[in-house]
Amino acid sequence: MPAQPTGPTPTRIAFLGPEGTFTEAALHSLGTPSEGGSVPAASVPAALAMARSGEVDAAFVPLENSVEGSVSPTVDGLAAGAPLVITREAFLEVDFVLGVRPGTGAVRRVASHPHALAQTRGWVAAHLPDAEVVPAASTADAARLVAAGELDGAICPELAAHRYGLEVAATRLADTPGAVTRFVQVERPGQLPAPTGADRTTVTCLVADRTGALLDLLTEFASRGISLTRLDSRPTRERLGVYSFSVDVEGHVADARVGDALLALHRLCDEVRFQGSYPRADGRSTAPVPHRVHDAAFRDAATWLDGLRRGTAG
Amino acid sequence: MPAQPTGPTPTRIAFLGPEGTFTEAALHSLGTPSEGGSVPAASVPAALAMARSGEVDAAFVPLENSVEGSVSPTVDGLAAGAPLVITREAFLEVDFVLGVRPGTGAVRRVASHPHALAQTRGWVAAHLPDAEVVPAASTADAARLVAAGELDGAICPELAAHRYGLEVAATRLADTPGAVTRFVQVERPGQLPAPTGADRTTVTCLVADRTGALLDLLTEFASRGISLTRLDSRPTRERLGVYSFSVDVEGHVADARVGDALLALHRLCDEVRFQGSYPRADGRSTAPVPHRVHDAAFRDAATWLDGLRRGTAG
Amino acid sequence: MPAQPTGPTPTRIAFLGPEGTFTEAALHSLGTPSEGGSVPAASVPAALAMARSGEVDAAFVPLENSVEGSVSPTVDGLAAGAPLVITREAFLEVDFVLGVRPGTGAVRRVASHPHALAQTRGWVAAHLPDAEVVPAASTADAARLVAAGELDGAICPELAAHRYGLEVAATRLADTPGAVTRFVQVERPGQLPAPTGADRTTVTCLVADRTGALLDLLTEFASRGISLTRLDSRPTRERLGVYSFSVDVEGHVADARVGDALLALHRLCDEVRFQGSYPRADGRSTAPVPHRVHDAAFRDAATWLDGLRRGTAG
Amino acid sequence: MPAQPTGPTPTRIAFLGPEGTFTEAALHSLGTPSEGGSVPAASVPAALAMARSGEVDAAFVPLENSVEGSVSPTVDGLAAGAPLVITREAFLEVDFVLGVRPGTGAVRRVASHPHALAQTRGWVAAHLPDAEVVPAASTADAARLVAAGELDGAICPELAAHRYGLEVAATRLADTPGAVTRFVQVERPGQLPAPTGADRTTVTCLVADRTGALLDLLTEFASRGISLTRLDSRPTRERLGVYSFSVDVEGHVADARVGDALLALHRLCDEVRFQGSYPRADGRSTAPVPHRVHDAAFRDAATWLDGLRRGTAG
């Protein structure tokens, strides 16, 4: 039951590309990948598929954003298909720079992904009121087009500017600063990351009756002193009248209270998919665990019950 | 975990005496004890003490009455002191007869225990309006006094009348008919009675905060589909601010759902005392057990969790 | 909604007699009744019947005992029949004295009610090992018999000894000291006692499904920050499969949170019987009431909802 | 308390533009707007701002999508700023067509919004394997560019194709068919839509402690027999450690059970924002309402409590 230490870091990781995205920047924040160790994927489903097929050892994708909430392709992509489990997470503050070719004077045509354009509309109106605004396939592609001389400026991650040899002409372009995106590394099931005392466990449950089931499910966590750190609730795509809850909770599946709660979910829900136990990386302190749900309390209770059943205690 | 079949019926049982009480009648309803097999005790605490000391193999005492509720000396006597567990139960309809010496004409002086006098006041007023009513130490003692010629009539169990050679002059004297008393046989912990599919488990919990604790405790039973058949709640005698809940639930400690609920109580409560799992004898059908809490559902969940923790499943 | 102050104290009160009982002593503890103001009743049902018929203004009866739990004739007597509500409560420590005629030497025959004999068995064995022990119809009747010269000693309340001119030869005879009995004064519904800030409300609920209903009922109290101070749960006498919960909670029906909880019980239960709101007399401090369930929070919410429904706020 | 009938339909409605979007198509599905009655807005926040300022009578925006979940700009835009309430909803199946200029032969360059490109990637790979794929600012803008002769094909709503005089060369391009988007019309608070018996109520709650608060909040709905039809839970943007729950429930604020639940939320939560009661338009039947929470049950309980407080009933 005690989880073994994790094995060596996977050597090939597919990330949500193209090169220069926030996802790649978040991946780098965990340490520089070896030469050829990180591979851009065209989409979240593509990255997950590469991890499932074994083409890569892991996929690295965004899971939730402090402004937009859950990233649906990731939540949905993990909920269906062959099992993948989260083994690491990373948090990255998402902000934009204006990348230009060295020596650029006036920025007449500026490009970015429509999402990024929406989040920097105020800055553009204030600082580039006369520029033509052009949509691009991704923030990194905007940088590529600037480098190629087709446009004057790209609203993109700092990494993308560096990647394409652009100069950073302005920083902190987001109209609402402070947005943080959470990224996760997922792998085929194997050795679990060892418990660290500040872990997170992700699980997705399918249930038929939403209101009552959610109440029951939350009760199972609350009665074991387990705090939720994310809750995503919505209809399933394929099965009419079946709801899906994706939750993150504090603790590791190797902790008695978390394991015991998962047992209850397994009995309660139509289907439960375990999606990993891994060290939390948000730097927040984990809520203190009441003594009554420490591992020792579970062990004591089990010893006591064993005695009762053998008739040696009353 | 499967409980072994119970051993031979204990050969010496102390019952709440004296001879001829309802308790003795209930004990006989379970089968005729062997010669010298049943021993009257002066009180419930005395009967329990005899069982604890090993002077007898078991004690047989009233636990609850459909009119009066829990029998406090039994509930309290089981909650404190060396452990005793219930191994059998019996139900007896409690009603009274008028016992007289054969050939008695007018009944001028009638006696009984004050409780019995209170429960037959209407009958006495209607049928013996002019009789002097005299208190006795027990209903059986009233019968003894009649047999000794000191009184004319005893309001007593039919068994007491027979025991003292009295004639039954009238039956069904209780003003409110239909009262049923539940009796239990308790023994020092040993082999548990085997599960029969229609069992009852008795447990007493001590907690410090009453309202919240009871809610938590009931939630643990409800979330596992376990019905309560008795609930007794009151302050403890000795510990200020500590409350005691004595409950009977459907099921056997060998059933996964009952064992799992007891584990939760052990973690939740200041103290839990297991007081036996035994076949129910009230002839009522046990509430159907939902599939999600069958033993198989617990086994499946445990196998699943074991796989998760070993990293072989997602 | 604010309750009016209570009217004058009732002038005639029936108490559980005979004269000299603990009930009469508890009644005196609330102030000396006027001449002819207190009337002994033969039983709890008799006292309640006198209050219902208007023969007296109120009945004064025991409701619960710290050792024995609820007093069934009172709980049952209030749950059925014409409504009566509690208007006052009193607590009395229950202990016994040995009453003898002045000048008595050896105590050869000692009497009491069988209950009192059971609670003083240890003292009698230690101090009167050779005395003949005789049952009496009540502790007060034992005192009467001693005064009449038929016996040597009575185990009775101090009040009974005084009432019959006996001398107190020994005090604190109870084997387990500290037992406290709670008594209540009940009247036909009329003006409620005014809220004092430290009140208690008594209510009895009938429900068909015990386990779930109790959970729902406790949830209604807990979600409004209301603590229970007594809970009595058992099958009803007359209606098969219907359970009765009798509870005391902190607070007054005029308090918004208590009134709101009663509304929920009225919707939830097959039947709810309100049995009074009255000042608590146990000298314990009432649990602090969270701000979110103060009267002001209810008023603010009502004003807000009213605005929503009229379409003037969002 | 009974809501008055709604006034005349607003004459000017801002919708999430540009012209030809799914939002405009959904708005048309509710009836043809009068000349100049519908005004495209550049973004969801812009549409909401126009409604708040009074520049238009209402805004019409997407709220949730069966594939992507909640539409964050709408959920967030309604949760902050001056109150707006939902007065109507509409559901639209979201699918794409290929729009071309009449007479077009080979489609060499095809454009759409990157989201739409992602949802039709499979179709494009199968049917236009050699086409260059170009991002556009919106699906409607892609149609405009095709009409202007700058591109050969637009992946867009059918309405956009019609609007720009394009021919529909292919339909049902979505790789996952059946996605449905729910749109809502929001207005400044005023007369509420009258209850129809099949209504929905939207409310957003801010709370400080997520796990416990959500449990309490769901309990308030469940105990009143109210079903949730949407639940969105996430951290608030501006207030650290404060969580926001946006829920849709069955029923109308004029219904006693819904009003009573809102009262409880108002007491429980740091802040509650009512966001409208309106007829549901999904054609699903509303869950049957248990008798115990019908308006009549609330009325009966209120009458009963009123009697208790006046002292006229027990």
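Order as written gives the chain letters A, B, C and D; numbering starts at 1 within each chain.
Heads up, the rule we're going with is that contacts are C-beta pairs under 8 Å (C-beta built on N, C-alpha and C of every residue); 3 or more make two chains touch, one makes a residue touch a chain.
Only a predicted model underlies this, so the values are computations on that prediction, with no experimental measurement involved.
Common neighbours of subunit A and subunit D under the contact rule above are absent. Set against the C-alpha centre of subunit D, every other chain centre is closer than that of B. The distance from the centre of subunit C to the centre of subunit D, with each centre set as the mean of the Cα atoms, comes to 57 Å.
As a whole-number value, the distance joining the C-alpha centres of subunit B and subunit C reads 26 Å. We define each chain's centre as the mean of its Cα atoms; on that basis subunit B and subunit D are separated by 61 Å. Counting partner chains per residue, subunit A shows two or more touched chains at residues 219.
The list of touching chain pairs reads A-B, A-D, B-C, C-D. Those residues of subunit D lying in contact with subunit A across their complex are 43, 64, 66-70, 72, 76, 113-114, 117-118, 121, 133, 135-138, 176, 210-212, 214-215, 218-219, 221-222, 226-228, 230-235, 237.
Remark: subunit A residues 1, 3-4, 83-85, 188-192, 216, 219-220, 223, 253-254, 259, 262-264, 266-268, 272-276, 292-293, 297-298, 300-302, 304-305, 308-309, 311-314 touch subunit B in the complex.
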